[in-house]
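What follows is chain A paired twice: with chain B in the first complex and chain C in the second.
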Partner chain A sequence: MLAEAGTSIPEVPAWRPPSYWPFVAPALFVVSAVIVFPWAFTIWMSLHEWKIGAPPTFVGLANYLRLPRDTRFVESVWNTLLYTGLSVLLPVGLGTLAAVVFNTHFPLRGLIRGLFILPMMATPVAIALVWTMMFHPQLGVLNYLLSLVGISPQLWVFHPATVIPSLVLVETWQWTPLVMLIVLGGLAAIPAEPYESAQIDGATHWQVFRYISAPMIAPFIFIAAMIRMIDAVKSFDIIFAITQGGPGTASETINLYLYSVAFVYYDVGYASAIVVVFFALIVALAGSLVLIRQRTHWNEAGGAG
Partner chain B sequence: MTKRRLLNAVGMAFAIFVVVSPAVLFFLWMISLSLKFEVDNATYPPSFIPPRVNWGNYAAVLNSNRFTTYFYNSLIVTGTATLFALLVGVPAGYGLARMRAHKAAGVILIARITPGLSYLIPLFLLFQWLGLLGTLWPQIIIHLVVTVPIVIWIMIGYFETTPIELEQAAVIDGATRWQVFRHVALPIARPGIAVAFILAVIFSWNNFVFGIVLAGRETRTLPVAVYNMISFDQLSWGPLAAAALLVTLPVLVLTVFAQRQIVAGLTAGAVKGG
Partner chain C sequence: MKNLISRRAVMAGSAAAGALGASGLPAYAAEPDWKKYAGTTLEVNLIKGPRGDLLQKYASEFTELTGIKVGSEVIPEQQQRQKAVIELTSGKPSFDVIHVSYHVQKRQFEKAGWLADLTGFMKDPKLTAPDLTVDDFSAGGLQFAKNDKGEMHSLPWSVDYFILYWNKELFAKKGVALPKTFDEMVAAAEKLNDPANGIYGFVGRGLRNANMTLWTNFFLNYGGEFLDAKGNIQTDGPEAIEATKLYQKLLTKTAPPGTAGFNWMESMASLTQGRSAMWIDGVGWAPPVEDPNASRVAGKIGYAVVPAGPKGSYSATYGDGIGIPQGSTKKEAAYLYCQWAVSKTMGARLLQSGGGVPFRASVLNDETVRKGVKMPSEWLDSVIGSAKISKLGLPVIIPVAEFRDLVGAALTATLSGADPATELKKAHEQFRPILERSEKA
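On to the complex of A and B.
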């Protein structure tokens, strides 16, 4: 007893965190029901030949083996990669420039920023509808604007060669603001000292951007590119509402093909296999972005040393 | 010197104009289309300012196509899915932040990466089996895929920044963990809840893909209804533009008024569901 007291038990009971599981449990149930269960069911379905109306039969990996021989799927993969590549590069480039503009002080900055982010918050289908009218070859306002600068009228989304760039135009218009916000967050976090010393040393605007701003906002540009990639690869509303994958299958991305297989042909087994491969592709693209980032990091260090 | 400053100011004003004009001109053009008579919408070159104003386009949309039904559907689906997400997501964000369960956040990340269509196939089959198709329940439940991850993600981030010392003091004073949450943590987190609420409402309201599969004629939400207008009902631009504007107007108003919260939420997590 005495010996125990000698080991000096603190008078105030120490902070012991309570169990937080009761707080998490309801959400855990919801997440299992709407996220984990669908995933498990999808993997099970992908191993079965199953058209709605007929009973499922186990076919092993047959659905997956069907994919590389399905020319429409292979084509949709290329369309997705082209669409995604352009939909990352353009918004990231323009968004970074816009962030540089918004990083200065000017009157009504808050209001103007509010107007600038409207495209990404607006309902995509409603936006798509108006773009469809603007793309109209005879009456659309875009061809009129082109005629003002002496460019001949285009067929925009009505021609296989121009449909993907036209859709990317909409995507860029819509999502440049998100890139701007992320990069602006990065610019705002840069301390003032490097700029002050650069000014004293007489650096030009370009040098300031190249050697101070650019390296410090690079991580933010990377995050913006990553988010943009994940969203562009999954893009559905805009493409579906404007072209439904057409003309023909010229703008059919994996997501649109997946929709057709699942809810037009009701081939849910095969569609599930597409889901799994699609997800793997997104993870692979994210992984390769991380790799590119690490490589350029290494180069910067090498250049400096 | 002053001349140079003036030149800089003009250059800056021009840069700002170039940056915002695509967004502003687009919405002005949308308004212009929605206010013109069919004849004026079909002229070439197009007229930017309507020669005569036709409010009839809005009247046509509001009176026909069961617009009110679809508006209520949207309200019920978005409202229920958002409130339910707050009910389970706010405590979960609190618990996960206090447990420092960063691995659990990984599940949210997977939800963020997965295409919305992937959830639709299994859940569609489930709803069909349960006989729920034809009611609003399938859409309410599947919208949780959008709203729950947004709320949890934003609340984890928010509770991580609120001080734990107050909660420790409350526990030492004999408060239960529920009282600590209800009376200490929750009041401080109100701004975070506002951000989560606004973003969940917007992304649920805008969702299209779940509706085209799960909605029947009676259970369409507004984005699905407006899409169906292009494909079936009519091809005249005035009413179409008016409908499009009415569908997205609540979101645009919310964006302008809650801009600060939206920017905070998007730069923190950049969450977009579906």
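On to the complex of A and C.
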């Protein structure tokens, strides 16, 4: 065939446009318009002193040098890490537990499972408004419930020390079902044989979970943790609707501070610098999770060996 | 067709006559040519609240008067401020008239040159009714509306004074007299405070940013000045520390728990539920407080000027204005609207409904207008008393939002036990470079 082509058409053009280019072009265009350009523009803005209403002036890295001295920013980084850490650990822990429970057979299991995943389906802002009422120190139902068991009323989201745990409570309530669903899927995929042999060997419930279930569902837990981390780090709606970052700045995460700088103070240049640092932080967090995964070989069903 | 037109004219006439009957004065005397811009359509951007709602409600009267159609957009304060800045920056805003919050936006709008100069319009008898003169606005209003060259870039519309709301029933029960000074106020709050029965002596804003409006009234009465002669901010001085100590004491020792998250709404709820004996906030909340459907204390609330501090007696003052963007192509028609918004008829309605207080002396001093006020006479007395001691409640700077956020956060921190001097110092150091940068630009 080749020889034949060579002889019958002697003059092959020296250069032909690769046939796949037309197919790549639309995607390339979209990617550069919605990802590359905004990114480049953000970095460009972060190098300028630019307040809306005034022309931008180039200031080099001055915006970045402002960051470490800006106590509000530094605090917001810690708040973000604390908030993210807690809202990964709690839903993943409770969600795994719930999945193990819902994996066993008991009456009305389907109905209870259905009820359990309801919080996930509600709108975050609506949830936040309801929780705000529940948190109210005088009129809220939470303090009433505490009073029934003899605990003195708490300030919940109205005190700097308790505001982040209280917000995490809302986040946990809403997102534990998602973790449960993912892990439950994992449990359903585990073959029955290991359990049967464990039963024959007389393993306890804890031993069955620790040495059979846990290693086999670890990849699923990892995925759930990853999804939770991404969600928690970018969380805005619940915090904004309940506390707006308060009291004071006690629950101000990077996202909320960023919103203030960009859309309340109109300091676009500085806000862009925060975005760049925030992005680096997210990449670092995701990277470390991936690293942990590789180190522990959680992706192999064999478990942490 | 002809019939219809004449009927319309009759209706317009009767509406004007109705307004005349209400205020007892010629509503639009020796008139400019109101109909000159008939057929124009204006877009009006207003802030949600008693003042914005009032203009929207009566917009049809303006249309009958001028033949100008009005599209009113009424949006919540925070969103309106963001939208205004973004649209005005673009140079081609979608609105021809804009509601300005002077205490937040004055310096920002002025430096950017976003609003049209109205000085020429005001001198033109074809455009301006003879009763609308610069001198008719109070000094505070002119301070808000004029730029440093003395040009009017907006019309002062409604002023908000801070006053003391007090629950007469709770005061009588404990035999406490209305406090005239801060010391008496603290003593009264301590005496009235009865947490075991869910009654608290004082309530006020604790939420970051919102709390600044209350705190500055304390600051002013301790003799505080926001800026020194060189334009440096002075919120870490002895006056500020004293004011913060008072603020901390009242809101932690004698207030309902959780005030760190209270804005005016939560504070008002505490007052209207009969849970708090005193509240200091803007004059505009009297209508809901006196509404028996929304308040358990309707008819039991007294109104007074804010108690005096050791260095003076002031009422922290905030204000709204109405102006025209430089980018509007219908400035004359828009000016007619602004003029109507601050007219005697609309000013009387504003005052009588309790939603705000006009800046114009001719409205405030009018006996018939005063008689029509639906709020208790004590309320009107507190308004007139506050007008005499009014002082701007926020510094006239560009980064007002940052100022309120940073110092406000320091105040909120003191509510959970932080030391006032340390927190103010910290806020001051964060805010100073921001202010310097904004003035340099």
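Rule of thumb we're sticking to: the second predicted complex is superposed on the first by the 246 of 305 C-alpha atoms of A that agree within 3 Å, B and C clash if a C-alpha of one lies under 4 Å from a C-alpha of the other, contacts with A are read in each partner's own complex, and residues count from 1 in each chain.
The rule is short, and it goes like this: a residue touches a chain if its C-beta (ideal position, glycine included) is under 8 Å from a C-beta of that chain, and two chains touch if they have at least 3 such contacts.
All values reported here derive from a predicted model rather than from experimental measurement.
Of the two partner chains, chain B is the only one touched by A:130; chain C is not.
In the superposed model, A:247 makes contact with chain C only, not with chain B.
Once the two complexes are overlaid on the shared chain, A:28 sits against chain B while remaining clear of chain C.
In the superposition on chain A, contact is made by A:54 with chain C only, not with chain B.
When both complexes are overlaid on chain A, the residue A:280 reaches neither chain B nor chain C. Of the two partner chains placed around the shared chain by superposition, chain B and chain C are both touched by A:138.
In the overlay built on the shared chain, the residue A:42 is in contact with chain B alone; chain C does not reach it.
By the document's definition of touching, of the two partners only chain B reaches A:236; chain C does not. After overlaying the two complexes on the shared chain, residue contacts for A:265 are found with chain C alone; chain B is out of touch. Taking chain A as the reference, the larger set of touched residues comes from B, when chain B and chain C are compared.
Residues 52, 138, 263 of chain A touch chain B in one complex and chain C in the other.
The residues of chain A lying in touch with chain B in their complex are 12-13, 15, 17-24, 26-31, 34-39, 41-42, 45, 52, 97-98, 101-102, 104, 106, 110, 112-119, 121-127, 129-130, 132-134, 138-139, 141, 144, 173, 177-178, 181-182, 184-185, 223, 227, 230-231, 234, 236-237, 240-241, 255, 258-259, 262-263, 268, 271-272, 275, 278-279, 282-283, 286. Remark: chain A residues 49, 51-54, 70-72, 136-138, 153, 155, 157-161, 243-249, 260, 263-266 touch chain C in the complex.
Residues of chain C that touch chain A in their complex: 78, 82, 85-86, 88-89, 108, 111-112, 114, 198, 206-208, 256-261, 275, 399, 401-402, 405-406, 408-410, 412-413, 415-416, 426, 430, 437-438, 441. On the chain B side of its complex with chain A, the touching residues are 12-13, 15-16, 19-20, 22-24, 26-27, 29-30, 33, 41-42, 44-46, 87-89, 91-92, 94-96, 98-99, 101, 104, 107, 110-126, 141-142, 144-145, 148-149, 152, 168, 171-172, 177-178, 180-181, 202, 205-206, 208-209, 212-213, 222-224, 226-227, 230, 237, 240-241, 243-245, 247-248, 251-252, 254-256, 259-260, 262-263, 266-267, 270, 272, 274.
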